[in-house]
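Presented sequentially are two complexes of subunit A, the first with subunit B as partner and the second with subunit C.
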Partner chain A sequence: MSLDQAEPAARAAAGSAPREPALRGGGTAGRRGRSRRSGRWWTPWLFLAPALLLFLYFKFIPMASALTMSFQDVQPYLGNRWVGTENYATVLQSHGFREAAWHTVVLAVGETVGAMSLGFALALLMEGQSRRLGFVRSAAFLPVVVPLAVVAELWRIMYHPTGDGMLNSVLGLVGAGPSGFINDPDTSMASIMLTGIWRGAPYDMMIFLAGLTSVDRGLYEAAKVDGASRWQRVWYVTVPGLRSVFSILFILAAIRGLRVFTEVFLLTNGGPNGSTEVVMTLIYKLGLEQNRLGVGAAGAVLLFVATLILTIIVQLLRRRESK
Partner chain B sequence: MSAPTETALGLTESRSVGGRILKAVIYLLVLTVFAGPLLALLVGAFGHIKDPTQLSVVPKGFTLDNFRIAFDQGVLKYLLNSFFVVGFGLLLQVVVSVLAGYALARKVFPGMTLALVAILATLMLPEEILALPLSVILSDLPVVHFNLIGTLAGMIVPLGAWGFSILVMTEFMKDVPRELEEAARIDGAGDLRIFAQIILPMCKPALGVIGVFGFTMIWDQYLLPLLVSTDSSSYTLPLALRTLRIDPAVTPGVVMAASLLALLPSVIVFLFFQRSFVSGLSSGALKG
Partner chain C sequence: MQRSRWIGAGALASVLILTSCTSGAAGVDAKQNPKAPLELWTRTTPGGPGEKGALQLAAAFEKATGYQVKVTAIFDDFETKLQQRAAQKKLPDIVMNDVTQLGTMHSQGLLREIDLGKIKDSKQIIEQGLKSGQSLDGKQYGLPFSAQASALLIRKDWREKLKLDVPRNWDDFAAMATAFTTQDPDGDGKNNTAGLAAPLSTKRGYASWYFSNFLWAAGGDFITEAGKGTYKPAMTTAASVQAMQWFRDLGCKAKAIQPGAVTMDTPPTNETFESGRAGMFVVGPYLLPRFDKSLGKDKYEVVPMPKGPKDATVLAEGGSVYLMAGSDNQAGQDAFAGFAVSVEGQKKGMEGATGYTVQLPVNTAVDISQIRPDPRWKTYAQAYQDSGRYAPSIPNWTPVRQVTADAVNALMADCGLDINAKLGELDKQLADILKEQGIAAS
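And now, the complex of A and B:
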């Protein structure tokens, strides 16, 4: 990715131009020679143009317009009016937004921790080469590739709140329940979390499995010779060896958690009684159902700032750790 | 027994009776928890399910009625919409990624760092955060003034450039030996020729990775189609599931039949290209 990697190689390529062996890598004559063969200065930009144009239209202009909208009272056909930081004040002072922000954090932390611990446990239990194990792992991975909309519709049916609903029958076997799941304000959040963990854990498992292959086998042998128990081996050899995997998974999952939308929208749409309203479902309602685009945009900008801060903190921590 | 592969827990190598039983129990439990619900969906799609409580992993009878009713509700149309979006979306994404990857991997030019930073920055700007302004911009694209709301094109072009695919292509194209390119240049080949006939054919594994990830990414889109579609004629299948469920005349069995159609393409792609998928997962996540 870095320039210093590509440069020597490129210089070698330029220098190897035939009949000009003396002009290694520099000089005006060499440059002219290269431009005839490998195109002009704008050739790379021509190759990059489609990507940059699409990014400009669908990433950078929208981001700029989110920023401007967040300082405006957006009125289609009437013209927008600058209102300063009023939208931000509205958002930050509204009880609904603060509730939603808290729900989002709870959901993100719960899903991240749950999926990572379960994924790590699964990876430890299913590490190995056998063909049967490969089959079990592939089957366990299926939830990750199932579209989120299907996951949500399927779990809605499984969460059927009467005693003979699918998950309630399972609860009945161990003498618990019946639970209202997504229909009960007390359990709705935990139910969404459970669905999220079900879909997230196998993903984490695969990443952990990839990380486990790079842990030095010799250390396991050494630990065995030193009389370490199985758990000591995991705790003192495996976990430190996977440190970078843990931090990468954490940041990916936390950022994904902060912008959760589809599963909440489909499972509860914020209900019952606002108990599962998250930032994105609130922004969707503000912007597209109530047409308060300015206030919605302010919420979106705050969400962006939160993910940015989170990323920076984790990057700083990682840099400090590696020093 | 082949060469002993030591694992962290040592459970996999265990040959004792207790270890074997423990392994069997764990595998069964994992299969039940993660594949069980999907099996129930499969059984339910082909069963007489009039009520959510009848969901089960044990088949009782076999019927295609759910699919028949689903098709009467327009599911075939939604499925075709989904295929249209994923087909053209993936085509666009792959073309854009290989072109950008070629420039970033094989060229050194002023402003290259800026281009790389811009591409990395887009990874911090997911659709969710941009949802509201995106819906405004899609209704009136700056400069060209197209209205893409209500069209399938509106669900395709915003996904045309994806930072992840570009970075995967760039990393892979860097590893193609310089000698091949030099030899072609001596023979007088231009950039387009080198790109199409030397670099691209060497990048088939990477094309597999971005193809599989692009497919699942586009197929799983929900918020973007939700913003773009105005009526059921432009629904994709994932979007239509909710409408089906809300319709009181539609039984859960029909919803499950439609859900099965919505999940089959991505599951089939995963099973066929599992190796690309797993290698992309680890490279994408571990390289950060």
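And now, the complex of A and C:
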């Protein structure tokens, strides 16, 4: 705020001859207001400047340089060399890229659907005002707060592949198992998905809970009067009422799913036999482990484009639906 | 109004462009200043014993020569951080890192050649160590200051309980692994032990790293030299296939490798051994202090690896001193490299129970048993000297390690996989990598 803007307010606050100065102050503010609106176009920008500067230096400039790096053979000391689309070719033609892309989609769809349905079920169960529910809700939210590295280690212990492993002894009670879980190429993907759902569902639950409060209570009562069963009430009242929540969650979960890295990296690193290799772990191997930053940048740009396209498609679908 | 807005935006943009371009223009041939403090980066956990060891070494060097050294310990993303400094054209003067990093750093132009004539005691350096610091064209770009090799750790109490001898060949080895798995060596009445602890995850190429001990002892190879600095893939040779088959049988048929090995990197594998769930572990000497503490010195023994179909070759590794390009104190760089491999520097580096920077000395004039009377160190030194073998210094070893780790991991995880088909596929991948690096034999 500039000094002359502060002045009338300060004079008013000082309280000397309250009426007249206030009137005068009001008059000048009105006159100046127009000139300010037309002349000082930069005032809003000034307020935004701190955030914009941070974004610029820590987001936009790095993003732009990642884009340039993706067309270069990055050799910081000798000087980067333009290689055109060679880096993109390296990523796209790399051994196992197609499988990794497929695994990513499977994992993203599985985790999104699983986490959303579980989150929705949890939200329905935990909706309400009771104080005890607040405690249960916090407890259910814990997996989101725990660092992923800890989560991965916990699940590694639970997934121990012999009969005395934690989950395997539970399976043993019902006469199944022992399963290799993350150590068996056939079950590794499902195991990682389960960990992801366990971690993601409470987050979805919270957003659903917030959405549920906006559903009109009267609609439930009206449906009840009309003789709708419990399930019919959920399907015909709650679900349509949460449409916008669903689409936001879907975008968030899909983006999260496409970028899935940490749990795969920590639990299997793409193994066994490449059965859980996803795009991000592949990019990490090609770009960072081999110290070829240009290739890594190209992979990141590809992933960004994929996410962008997905978001745009969802937005278009939403717009069409609302029309 | 419109114009002023554009002027403002233009001014902002030019300021940004200016600030983002201030790094640049630094000489590769910097003006020399023998008094400039040397910046040393070492790949070890900050605040850990490794950093203390490096600081001790630096202090001894300062005292002996009068140069100044500033030590920085970095562990995570060491290579990426080095790239960032390279982008600023302001590399540290000295880097202490793994010998296998030579190819990558050299091909990025980060290293300057080391003139062995300026290194005191360079004639006393163990020859294979010296060679590990040479690039493909035979020029010296790294100077090893520490070496290590693998040896076999055995649960002595288990071995004695089952009345077994120390294994002398692969048959003994397999028999002991099977016995440890099936005969309940810890006597708790449960079937919860395995013969061999093995990190077979693909992470950082561990599966390949571990398997190399067996592959080379069988006479096999990942890639083999084909003259004039060229290489060809070698994973489908009879010896390589035999080694893979034998190792695979250990896991798939005898079930003698710890369950879950295919998703384990080193930390959980170390735990497997120290918590008494596996009886053997092929590993370097750096884990001895840890196992002495967690398991007890009397519970396990260190023996040389048993002889394979060909010999007892084991993986040799170590750390090198790299002199970085663009330093303004080349005399200081040379002096540090010289000190690190000198008798005095090696002895200093081996001091302490945990914080040592030197595992096995590279200077032939240093007798390890004088500094470390513990005979287990002698075993390691002997293994390194007689059977140690480094990974070849090709431009970039990492992709070779990655694809071989992927294949080993696949064959160990999926016992139904066709071994010949998988190794054939691997050979094709290796051929592509060699071609990309320009070292494929035609």
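Quick notes on this one:
Going forward, the second predicted complex is superposed on the first by the 271 of 323 C-alpha atoms of A that agree within 3 Å, B and C clash if a C-alpha of one lies under 4 Å from a C-alpha of the other, contacts with A are read in each partner's own complex, and residues count from 1 in each chain.
To be clear about the criterion, a contact is a pair of C-beta atoms (placed from the backbone, for glycine too) under 8 Å apart; a residue touches a chain by one contact, two chains touch by 3 or more.
Predicted, not measured: the structure shown is a model, and the values here were computed from it.
The superposition on subunit A brings subunit B into a clash with subunit C.
Looking at the superposition, the partner that touches the larger set of subunit A residues, subunit B or subunit C, turns out to be B.
In the superposition on chain A, A:M206 makes contact with subunit B only, not with subunit C.
Shared-chain residue A:P143: touches subunit B; no touch with subunit C. Using the contact criterion defined above for the overlaid structures, shared-chain residue A:Q75 touches subunit C, although it does not reach subunit B. After overlaying the two complexes on the shared chain, residue contacts for A:N183 are found with subunit C alone; subunit B is out of touch. By the document's definition of touching, of the two partners only subunit B reaches A:T43; subunit C does not. By the touch criterion stated above, A:Q232 is placed in contact with neither subunit B nor subunit C.
Of the two partner chains placed by the overlay, only subunit B lies in contact with A:E221; subunit C stays clear of it.
Residue contacts after overlaying the shared chain place A:T85 against neither subunit B nor subunit C. Legend: residue contacts after superposition of the two complexes on their common chain; A:G274 is shown touching subunit C, with no touch to subunit B.
Common to the subunit B-facing and subunit C-facing surfaces of subunit A are residues 38-39, 41, 61, 156, 160, 162, 164, 265, 288, 293.
On the subunit A side of its complex with subunit C, the touching residues are 38-39, 41-42, 56, 61, 74-78, 95, 156, 159-162, 164, 182-185, 265, 267-275, 285, 288-291, 293. Note for the complex: subunit B touches subunit A at residues 2, 5-13, 26-27, 30-31, 33-35, 37-38, 40-41, 44, 52-53, 55-56, 95-97, 99-100, 102-113, 115-116, 118-119, 121-122, 124-126, 128-137, 141-142, 157-158, 160-161, 166-167, 170-171, 174, 178, 181-182, 185-186, 188, 190-191, 195, 216, 219-220, 222-223, 227, 238-239, 241-242, 245, 252, 255-256, 259, 262-263, 266-267, 269-271, 274, 278, 281-282, 285-286, 288. Residues of subunit A touching subunit B in their complex: 1, 3, 5-7, 9-10, 12-13, 16-18, 37-39, 41, 43-45, 47-48, 50-52, 54-55, 57-63, 65-66, 69, 122, 124-130, 132-133, 136, 138-143, 145-150, 153-158, 160, 162, 164-166, 198, 202-203, 206-207, 210-212, 215, 217, 220-221, 230, 233-234, 237-238, 244-245, 248-249, 252, 259, 261-262, 265-266, 280, 283-284, 287-288, 293, 296-297, 300, 303-304, 307-308, 311. Within the complex formed with subunit A, the subunit C residues making contact are 1, 4-5, 8, 16, 20, 77, 79-80, 83-84, 86-87, 89, 91, 104, 108-110, 190, 192, 201-204, 259-263, 265, 268, 325-326, 396, 398-399, 402-403, 406, 409-410, 412-414, 417, 429.
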